[in-house]
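Encoded as structure tokens, here's the structure I'll be asking about.
The letters A, B, C and D name the chains in turn, as written, and every chain counts its residues from 1.
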Amino acid sequence: MSTTAVHSLWTTAAVEPLNKIPAPHIEYTQLSPVLIVLTAAILSVLVEAFVPRKGRYVAQVFLSVLALAAAFAAVVGLAAGGYGSTKAQIAAMGAIAVDGPALFLQGTILLASIVSVFTFAERRLDPADHGHKVDSFAAEAAAVPGSEQEKAAVKAGFTTTEVFPLALFAIAGMLVFPAANDLLTLFVALEVFSLPLYLLCAVARRKRLMSQEAAVKYFLLGAFSSAFLLFGIALLYGYAGSVSYATIARVVDGAVVSVDPALAGTMGNDVLLLIGFAMVLAGLLFKVGAVPFHMWTPDVYQGAPTPVTGFMAAATKVAAFGALLRLLYVVLPGLTWDWRPVMWGVAIVTMLGGAIVAITQTDIKRLLAYSSIAHAGFLLAGVIAATPAGISSVLFYLGAYSFVTIGAFAVVTLVRDAGGEATHLSKWAGLGRRSPLVAAVFAVFLLAFAGIPLTSGFSGKFAVFKAAADGGAGALVVVGVLSSAIAAFFYIRVIVLMFFSEPKADGPTVAVPSALTTLTITAGVVVTLVLGLAPQYFLNLANQASVFVR
Amino acid sequence: MSFPLLTLTAAVPAAGAILTAAVPAARRTAAKWLALLVSLATLVLAAVVFVRFEPGGDRYQLTENHAWIKDFGVRYELGVDGIGVALIALTALLIPFIILAGWHDADPLETKSPRWRPTQGFFALILMVEAMVILSFEATDVFLFYVLFEAMLIPMYFLIGGFGDRAHSGSDENAAAQRSYAAVKFLLYNLVGGLIMLAAVIGLYVVAGNFSLTEIAAARADGSLDMATNTERLLFLGFFFAFAVKAPLWPLHTWLPNAMGEATAPVAVLITAVVDKVGTFAMLRFCLGLFPEASKWATPAIIVLALISIVYGALLAVGQRDIKRLVAYASISHFGFIILGIFAMTTQGQSGATLYMVNHGISTAALMLVAGFLISRRGSRLIADYGGVQKVAPVLAGTFLIGGLATLSLPGLAPFVSEFLVLVGTYARYPVAGIIATTGIVLAALYVLVLYQRTMTGPVKEEVRGLPDLRVRELAVVVPLIAVLIFLGVFPKPLTDIVNPAVQHTMSDVQQKDPQPTVPNVEAAQ
Amino acid sequence: MNPVNYLYLAALLFTIGAAGVLIRRNAIVVFMCVELMLNACNLAFVTFSRMHGNLDGQIIAFFTMVVAAAEVVVGLAIIVSVFRARHSASVDDASLMKL
Amino acid sequence: MENLIALLVGVPLLGAAILLCGGKRLDKSGHWLGTLLAAASFAIGLALFADMLGKSADDRAMHQRLYTWIPVENFQADIAFQLDQLSMTFVLLISGVGTLIHVYSIGYMEHDERRRRFFGYLNLFVAAMLLLVLADNYLLLYFGWEGVGLASYLLIGFWQHKPTAATAAKKAFLVNRVGDMGLSIAIMIMFTTFGTFAFGPVLASTGEASQGTLTAIGLMLLLAACGKSAQVPLQSWLGDAMEGPTPVSALIHAATMVTAGVYLIVRSADIFNAAPDAQLVVTVVGAVTLLFGAIVGCAKDDIKKALAGSTMSQIGYMILAAGLGPIGYVFAIMHLVTHGFFKAGLFLGAGSIMHGMNDEVDMRKYGGLRKYMPVTFVTFGLGYLAIIGFPGLSGFFSKDKIIEAAFAKGGTEGWILGSVTLLGAAITAYYMTRVMLMTFFGEKRWQDDENGNPPHPHESPRSMTIPMILLAVGSVAAGAYFEFAGFVEWLEPVTGFAHGHSPLSAAAVTTATVAVMVIGVGLAYLQYGRRPVPVVAPRGSLLTRAARRDLLQDDFNHAVFVTGGTHLTRSLVYVDHSLVDGVVNGTAAAVGGLSGRLRKLQNGYARTYAVSMFGGTAVLIAATLLMRAV
């Protein structure tokens, strides 16, 4: 989508015949990860269309995992090929950057997606219904909850295998999001991964009303925020006369001096710039889930099917922070002194707000939602550092965090009672007595969230705080430390509940998952501990990947 | 790189912990024996360290140094000085007795679920704590130390909250509630302390660029690294706060009585005799070692707090109605002495403080474990529920008395040596403080003797009648401890010999000299 | 006339839309308000495009329309299913999850 | 020969170890073993004594250094002994009397099933006491000092099942601890001043230290002495200490331990000589205690408590003498030794009386016992004569010298002190006569014990009488012996000696002493010999009542320290719970409350969320513009 091409067309049209339009030049190899996933997504739509119902599940899972793995392989290949560092470049005629951060984040997203897809595909947790295996998704999302139609669908053993193509589209969008190198691409990518997520939120099998409510809220607020984003883009466009990061950056730096007097009102008008920037920022902070743009998070996390929640919590955050980093470091480095104080404020309220409100939560999924808000705050601290160390620390943190989150939500899917997942904290009492292993695993994740040493959570937090302190944001570190002290309280509360309180008679049972979820959880634990004990290798990766191409 | 002896001292218990945890539910006794053997093996290793260490040699010996997290400037850097050796010895010495004393503490009352294995967990956790504590005594890398300092909270937390004292007043739910309250209080206090320290650790990195104690000290010495006064003070406070919570120093002490009261006696010993020592040890090694100027700046305030701890702890001990809480407050008083000795900045004070850590560990263990045996017999922690035990179980009473006498630091028992050194060392620089601290010895006598009188003497209470005297296992716990107390009381030289050089180094860290006697004396020299 | 006025109009529309989102209960109306905001953006784009004398803005406007269309699809799907389940399209009714 | 010194301590210590750890199998033989070892240590003492006499007067001091106890830089505490004439005197007294009392206890404790332990404690005490007097530095002395404290604690509380005994034991230890504080502070001052606390260097270099320092040291040592020797204001424990078995009272609370304070002061003679102010305080304390004890002694009906008061007062004499400086040291020690004999004798007598009277201690329930226990009567009587200073008996010589020295102090001080000592002598004669009369003369006032069986007074077994006889001999002869065998010359090399110049002639003093003694006896006879003694104590004068209550000293302590302390601790417990802990819990609660309130914002209405987003964006824009503006 080369706007510049079109532009040249417009300006030269008078003298040159139209058939001289140069075809846009696309670097397919560099874009292969995205292309692979998109192709897979389209294919899986076709699967939905043509493969008979019985075969779909297997086909979809196979296709998705295969595609994601292939895409990941492609990312690794590109990174190995030096596209992350030396050969970093801007592909697709300025639309997409292929550089260290992009590849690192895409890799992270893909890995997270793979394990998430495993949880999507889990069908062992609930007892078979009418002899049909069931997963976490409604038999027929369109059917009214509790209606005859739904019953029929259940009896017929329908399953919403559409979640796979939806997920694939979302993933494709997420892959583009952090790599987007012009605001339009940014916007489109945002929508591409948001819309499928809205739908994914709506298709829970149990508690469908809540699921739909979550979808509505997410959708309306999401659309609202993307409207802000878009208006911000418009203003920035008005400011710089282009949406490409490079151009805007140049204008911001004052590199472009030849201002057409006719445009004096707009071109290079800082008010446009600042307002536009603020609105774009608002859009991104919404996705990140930063206070005060966080309020959708708890409701959506609670209502959405837990596998989807895990997927959102991990992948969306990665993608959104990637985009945020690129925006701040590539487009607005000249504006650092304008955005830093603002971000300081956001980071502080986010850290504290998330931690404080979490204390009084009674639902495990909401609790994790608030914890994710607090973590967004910590990440922002790293973003604010405005140094390469800051970038790499954020990258590392995202990697570490996403696996902990997915693992944690995967564990949540296991604890079930008659009404599906037993997410109310009181139900978790004495879990440690009934099934020590699961409880222990969940405890590990909680400790990682709390940032206890020897877990990935600590390495990440340390990296981020270190970067922040280095970048002169010592005060942020202190606030961060305080809020993690507060946060520690509610993670510990859950541990107390699981291990030190007597099991309830009507307590939930812990379902024995299939290899898929087991794999997810194991991956989560392994990554958590490895990144906690020996993070150096991954820190190196993050360091190498910490340079944006301009 | 030579043979990694120090790593081994920590690796053995760590491995042992994992193995113990892996023992199947039915084979409970096997797990116990395994844990005991592992702890004994650790003791042997500690003994080897003790022997291999040359008092006259380098400051840090048996060093190991491997890259760990380059990005954070973190290295896996180990090394022991005399102080570390002494405390490693203490830890390794106490753990077997703690395990032995807690032999039945974690036997499940009824089998909750086939996969629920409290016993294995209990002993595994104890070994895990041992591993972390020992390693933290060996770490010469600030970050490595911090990691252990924080990480050891988790097993401790489970030990406190998961295996409460079965002798409690009130219903089980109530007890469970109090227990988890104590555990959470313990964790939060120490976690907050630790997090504040984390901020300081990061600050240190920003200032110094690495975490190696030796390198930073060297850099400060040759002036290549000089901290701004305020920076140094802030960092010092960050570190000191964490250590003061752990130690614990008034007014950050309130978690200790809860924790020690609710935990089983062996765990209580583990807390006060072993884990808390990390705090005081760290003051000596990190606060003084990294921030000499700031330490001197803060000394007056800290000495005041220490004095308050001494008197306040003792007075509250007198006021307690619960045996274990009484011992806890007594410990607070003793930690006051230790901190006083450290910040007196004299050789006697600091050597005394180090010995004090060791001796207090052993004496408290003796007292607390016997108290635990008594409590487990009668099923109550309230002093008022006892009386005339001495007539029923003379040996128990006798050992209890010896433990008590050690606590009030009677000459001839180890604590006297350290306490007197601390007092002398303090007096030499701060006479008033020295004198105030001396009142502690009267108060100590008060709470110990009151406790002994109320529980052991007088007419035999009805419920106490027929309590069995100490069993073989219990004697095996108490007798060696008492033997050590007496030995170190009359012949502390082996300890002082390794501690003194280390203290010399610390003194040179803070560029302090002992105040010289006002009357120069010829005979004093020899 | 001065193209800047179109910008003011765009801002006005955007604000109206935002206000609508904030005050209207009916999910459909709320959604329409969002669309209004998007179109305000389009107006802004086109205006700027005109002022800068390049086409980018107009191109973007097309993209926006497409995206908006996609949003409509998804949005209506969700809203309708909610309406069928609850027999009400009021966003305020959908408040099972709170606190 | 030197190497035997350690054995003096080692032998009884070994005995204690064996007896206390030995277990039941030693119950049969334990007491013999204990006695044997005590005797052995006495024998060693004699051997060393003989050896010492062999040497010339000024190189009689022997030293033995075992090893370095606590080496930290210039803080070097040795386990090292010093045996000079002063120590030797004590060694013989302690081990000698100690042995006798071991023997006595064999009979006295016959029916106690914990006799083995009792002997273990006795041995422990002897060992500690010997350590105290043999130490060659103050820290080791402190070791022994606390050691005897422990032994006394164990022995006073030997009958632990009696709450009174347990309390008395605790009280004794605590009060002593207060004194110990003094000793340890003294040591600290010494260390900071002289860099050492070994007798030799410290005492040698007192000249260089400042007056203030020396006074401080002196007063601190005095505090310690007051604790151990039951001097005002730390005397309150001694009376209660009588809860212990009588041999204990005899050994610890009459003959040996309580005199440790005197030893400490005499040992530190050089310090006190150089610190007159301290000395003055010493004499004052001595004088006050002297009267205090005597007055208390007059009022007590409990025979042991009466004797305890007497002990206090006698030690008052010694302290006073020690406070007089070189003119008094020797006599302090001399009186100490003689007192050791007769007071031990008296206590053992009292013990044997109780033995015969179902452990009745109230003298008002005695009377006319001389016929029933002749030996006791005679030995007790001799002790009595000795203590009141009957001419020719040991008490006469030692006390007379002290009174003389007191006058010799010179000036008003001299007159005051002298008259106080004289007064003391009179009162002593009075209360001892009272004891004598109430116990052995007059009509029987016996009463059945609580089990209703009437007392059958009888002479005690030989194991008890023999020690009494020996001690009686001592109380008769010791004084004269010292007088003529040259006790002064014996001690002079250690303590130094100066002839005081009394304003009164020696003869005059002696006459006065005898005179007041006669008066005292006479008064007592008039009051108790002539008319019958009421079984129930009459209400008595205000002073009497006060004296019965130890001159209200205890009530004062109780009111101030016990009650006050209890309130203090109670309030502190409250503070700790509500303030120190409350702050933290309060913070937690505050955060929780804040959380609860913020949570309300999450009200489930999408439009509210939209508002917050809208507001957020507005703030962002405003902030960004503001940043640029400023």
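Things to note:
Basically, contacts are C-beta pairs under 8 Å (C-beta built on N, C-alpha and C of every residue); 3 or more make two chains touch, one makes a residue touch a chain.
Listed by chain with UniProt protein names: C = NADH-quinone oxidoreductase subunit K.
Keep in mind that this is a model prediction, so the values were computed, not measured.
If each chain is reduced to the average of its C-alpha atoms, the one that sits nearest the average of all protein C-alpha atoms is B.
Ranking A-C and A-D by contacting C-beta pairs places A-C first.
Separating the centre of chain A from that of chain C, both taken as means of CA atoms, is a distance of 24 Å.
If you average the CA atoms of chain A and of chain D, the two centres end up 81 Å from each other.
Annotation: 46 Å between the Cα-based centres of chain A and chain B. Centroids built from CA atoms put chain C at 65 Å from chain B. Residues of chain A in contact with at least two other chains: 216-217, 220, 224, 298-299, 489.
Among the residues of chain B, none is found touching two or more other chains.
The set of chain C residues that touch two or more partner chains comprises 18, 21, 30, 91, 94-98. Taken together, the chains touch in the following pairs: A-B, A-C, A-D, B-D, C-D. Chain B meets chain A in the complex at residues 67-72, 112-113, 115-117, 146-148, 150-151, 153-154, 157-158, 161-162, 173, 176, 179-180, 183-184, 187-188, 191-192, 195-196, 198-199, 202-203, 205-206.
On the side of chain B, the complex with chain D involves touching residues 189, 250-251, 253-254, 312, 315-316, 318-320, 347-348, 351-352, 388, 390-391, 398, 405, 410-412, 416-417, 420-421, 423-424, 427-428, 431, 434-435, 438-439, 441-442, 445-446, 449-450, 453, 456-460, 490-493, 496-497, 500, 514-525. Listing the residues of chain D that touch chain B in their complex gives 20, 67-75, 79, 139, 142-143, 146-147, 150, 153, 157, 160-163, 165-167, 170, 173-174, 177-178, 180-181, 184-185, 187-189, 191-196, 198, 200-201, 204-205, 208-210, 213, 565, 568-570, 572-573, 576, 580-581, 584.
The touching residues of chain D, when paired with chain A in their complex, are 588, 591-592, 594-596, 598-599, 601-602, 604, 606, 608-610, 612-613, 615-617, 619-621, 623-625, 627-628. Chain C meets chain D in the complex at residues 18, 21-23, 25, 30, 91-92, 94-99.
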